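You will see two complexes here that share subunit A, one where it goes with subunit B and one where it goes with subunit C.
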Partner chain A sequence: MAGLFTADIENRGLVLDPRTKLAVMITLVVFALGGAGSDIQAVAWATIALSGLPILLLATARQWSKAAVFGLLYAALKSAELLLVPHLSGAALSVVGVCCLIFVRLMPSLIMGAYMLSSTTVSEFIAAMHRMHVPQQITIPMSVMFRFFPTVLEEFAAINTAMKMRDIRIGGRNAGKLIEYRLVPLMVCSVNIGSELSAAALTRGLGTSVRRTNICKIGFHAQDIAVIAASAAVYILWMLGLTGVVK
Partner chain B sequence: MKGKDLINIGIFSAIYFVIVFIIAMLGMIPIFLPLLSVLVPIFGGIPFMLFLTRVKKFGMIWIMSVIMGVMMLLTGMSWPPLAVSVFSGLLAELVYRSGRYQSAAKAVITNGVFSLWVAANYLPLFFNAEKYWASRQNYGQDYIDTVTKLMPTWMCPVTFAAAFVCGIIGGILGMALMKKHFEKAGIA
Partner chain C sequence: MSENAAVLRDVTFRYANGEQGALNSIDLEIKRGECVLLCGSSGCGKTTVTRLLNGLIPHYYEGELSGDVSVLGRDIRITAIGELAGTVGSVFQNPRSQFFCVDTTAEIAFGCENMGLPEAEIQNRIDKTVTEMHIEKLQDRSIFNLSGGEKQKIACAGVAAMLPELIVLDEPTSNLDLDAIDELREVIAAWKSQGKTIVVAEHRLGWLEGMCDRVIFMENGGISAIFSGTDFFAISTEKLNDMGLRTVHTDCNYLESETGLHAIKPYSGSEVITLEGFTYSYGGQDALDIGRLELPVGSVTAVVGHNGAGKSTFVKCLCGLQKRFRGTITVGGKRLRSKDMMRLSYMVMQDVNHQLFAETVLEEVMLGADEGSEAKAEQLLEKLGISHYKERHPMSLSGGQKQRVAIASALLAGKNLLVFDEPTSGLDFRSMECTAELLGSLDSDVTVLIVTHDMELIDRCCTHILHIENGRIQQVVDL
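Right, the complex of A and B next:
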């Protein structure tokens, strides 16, 4: 969680354009989560293959442990869905079945989200949003938000430790104050840090009406074309399935 | 809207999203999944009420809502949250605007309307349900019956209603905490 948009620029392997990642995400959302064309056999298999793409991408970004954990988890759930569920009944079916139903569909896009957040720098993301003509009213708050995530998490961890010391924790003596005694200090210090941050940002010219420049170089390369082609193939297969060419 | 307002949106979006993220981790335990539309509006209400004290210009609530939708797309929760948040955010904005950006009662309702995007996260699971089952006939009628019993289609409007009602509860809770803490500290 601390890795939210804090990409390690030095050691991140293959770099994709943020827009390519977004295209893969949308494809996964349409097919894996949305279940489009799941009644066509060829598309169903292609969707399984496509679900492996984010795991592969995590590996290309040298995030070996994440790729391994997600890969094994997804393989286990998918094979449970395909092999185990048809043979179950009763309570076991409702537990395993519902887990499979929800997570087999959600996981590919969640893994893609994990990849996207951990392999994109904030500047790259903002540059991509500029190229897609997203208005400043959205990009400025979002860049502030991503800058602010690590701070909020750091403060939250510190407050959490302090409150545990005062026995304000699950199962502690003062469990009733669990939420209030964490959220209130978190917000008070976030607001104070936030006003300092906004002063710093304003001195650096954020919020002026001029067009901002970005030193980040983004663009489409061979790897982007390959990944986009893989996503496009699923759409083409779906079209062919709808017109009845493949089954 | 000036730079400072946009930065404020960013700061409160960060606090709000961290709370959403922590609660969503609970959602990884399947039993808690339906509870997301209860927990997020309640606990999210606390920072949101504080955010509303800083809203003085048209568009701030709307932008925060759209950002939540974009974040859901980026973290893999599909596009329906974004589609809903664009409308519910505007609606929330209009509600708060009708109270001239200072009415406490309107602020509570605003949190209810704003929270609707949380329920939209479930939409993909209800979407196309029949087509989804048609392609899974080989799992047996048992499976289909069990799952449709646990996730009936009428749950869909119920989650939206739950998000709204809990948003109101969260708004009242946020209001109470503001009176108790933030006004004293001089940041509300």
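Right, the complex of A and C next:
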């Protein structure tokens, strides 16, 4: 079950603190997406190495197939950017160059996002937000929302099955109404589930003014320190680059 | 402390959205430590009573409320729902929509966390609840890997950890099989021995025998009769059915029979559908292994077996919904492979909302039908008793009527192997009877398979039983 905040706690591999994941995410946004310090040779290489980190993390969370697919894709795009693009010219250069530019920059952050969502549980997420002093009024609605998505996906799968049995498909007689046919039952089912879910939450005291406790144990371990150190190294290199110590 | 856990005085309630289940001047006292069963047909108001007790009415479900309701000495009108949370626990019908966390331990802790208890106290309560309910095996598991019965146990544990004085259960067994119901019964017995007050609203009655002190029979939003537990469970089946209640004792338990196909009613057809190579495995385990099976055409066959016996894998294969499945069926001399089975078969799902798409009933049933078969469609709707709804939106119909629309659409699309997944779960006696009549009255070329735990339904309409265990059957008994 790999969806939003629905980590399979029976088989999840190495666990990182959600705040560590956030730190890596911010670092990737600054360097890989934002391209900070890309004119400094050392930072550029460090950014490539850092971009491999989310793929490595996916592997530590035992999401082998995702790690492999993303890893190969990123490797292919990056090597195209480094090896192929300098030899191109004209239209080929603009098409391939732009594609590489966009995807190579976006991908690390996207992969990190996929890893964050699929390796964190709702309770860990709430606990981390709590430690970062984000108010309850924001975290509670968000956590209910995250709980709601996987259920909607399940409903969607059931509806698709039903459509298959009725032979409603692209190319069929009713192709024009495919979206409407999906949305109507999906909305009816989601509304039902949403209202049942809220009722159940209220009877268990969610949303009272009492300050919520959280028994979920999160905290920094050796693996967190290693990952944070790797991210911090990039910033340090950048600083050193800016002050002219490295090139 | 008064001796009453809850007192309802001249309570009248009407839902603002016109939902069924209004109450008309109800008077009811529930004593501390009592176990009370609320029964009656759908829409009689028993769920409404449970919602008054846990404060969902008037704080969540809106409507006009008059009269006084006090729960554990507090007026529910002025008590916020969150304040009641620690003293009134609620277990609902659908395990799918009462969970917040993805792991079981966090789920048990959820209510206590909301109450803001200290961490150490919560850990204590979890440990105690887990030991008391014997669910050590269910700790630290992913919710997605639990069976329906296990989920309902975790829901009960989450409620129990909050140490409520009053526990309200609204149709808690609707989605459970017989074994899971037995386990739920044990949970309730333990609560009873701890002196907790328990209120259960239910259609299924048998499992509460010997457990309830009082049984409250409701009709049309009023209390028609109050029985003592012993008196109620001595009422004859005929009388119960007259009252619109499900049977308490069913004579036979088909799960005790040998695995395989058995005829339970005289049956005259001679044609058969031959199933071959019904084997399927996932994760290295054989989920299904049935070499050959002959299903009589036009029969109504109940597919029974314990949880995880392979019943749903079997019917999924039969409907062509299971990927990588290689078996075949032969009917009328034609041999069909997995992906062609879908043209012949149709599954009516437990939540029929998933399979109604169009804007009107007529349009819905015409979706898969040939052009120009409107007359045939009208005839079929007439036969199923839903012809005067043909211009209505399918979603605006009642559960039973939706089921009929789904059946009509399958039949018009030329499907004559219909599979039903628990068609009577959560239905009262009269609706169950209607479904049974309907399934028994389909044309003789329509073969019906019903995956069900409902012995009463089987008694009423099935001609055959297919008992599967561990994905296997023994040699087929003579038809």
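Odds and ends about this structure:
Here, the second predicted complex is superposed on the first by the 231 of 247 C-alpha atoms of A that agree within 3 Å, B and C clash if a C-alpha of one lies under 4 Å from a C-alpha of the other, contacts with A are read in each partner's own complex, and residues count from 1 in each chain.
In this text, a contact is a pair of C-beta atoms (placed from the backbone, for glycine too) under 8 Å apart; a residue touches a chain by one contact, two chains touch by 3 or more.
All of these numbers come straight from a predicted model, not from anything done at the bench.
Taken together through their common subunit A, the two structures put subunit B and subunit C side by side without a clash.
Shared-chain residue A:V188: touches subunit B and subunit C both. In the overlay built on the shared chain, the residue A:T213 is in contact with subunit C alone; subunit B does not reach it.
After overlaying the two complexes on the shared chain, residue contacts for A:L202 are found with subunit B and with subunit C alike.
When both complexes are overlaid on chain A, the residue A:I179 reaches subunit B alone and has no touch with subunit C.
Contact with subunit C, but none with subunit B, is seen for A:I159 once the two complexes are overlaid on the shared chain. Contacts of A:S143 after superposition: both subunit B and subunit C are touched.
When the two structures are aligned on the shared chain, A:A44 is found in touch with subunit B, with no touch to subunit C. Legend: residue contacts after superposition of the two complexes on their common chain; A:L33 is shown touching subunit B, with no touch to subunit C.
For the pair subunit B and subunit C, the least inter-chain C-alpha distance in the overlaid model is 6 Å.
Judged by the document's definition of touching, subunit A residues 1, 143-144, 147, 151, 180, 184, 188, 192, 197-198, 201-202, 206-208 lie at the interface with subunit B and also at the interface with subunit C. Those residues of subunit B that touch subunit A in the shared complex are 1-4, 6-11, 13-15, 17-19, 21, 25, 30, 33, 43, 46-47, 50, 59, 63-64, 66-67, 70, 73-79, 124-125, 127-128, 131-132, 134-135, 138-140, 142-143, 146-147, 149-151, 177, 181-182, 185, 187. Contact residues on subunit C toward subunit A in their complex (touch as defined above): 54-56, 59-61, 80-86, 88-90, 92, 94, 96-103, 106, 109-119, 122-123, 126, 140-142, 144-145, 158-159, 162, 319, 321, 342-343, 345-347, 349, 351, 353-358, 367-368, 395, 409, 413.
Interface of subunit A with subunit C (complex): residues 1, 5-10, 121-123, 143-144, 147, 151, 154-155, 158-159, 161-168, 174, 177, 180-182, 184-185, 188-189, 192-193, 196-216. Interface residues of subunit A, counted against subunit B in their complex, comprise 1, 25-26, 28-29, 33-36, 38-39, 44, 85-86, 88-89, 93-94, 97-99, 101-103, 105-106, 108-114, 116-117, 136-138, 140-149, 151-153, 156, 179-180, 183-184, 186-188, 190-192, 194, 197-198, 201-202, 206-208.
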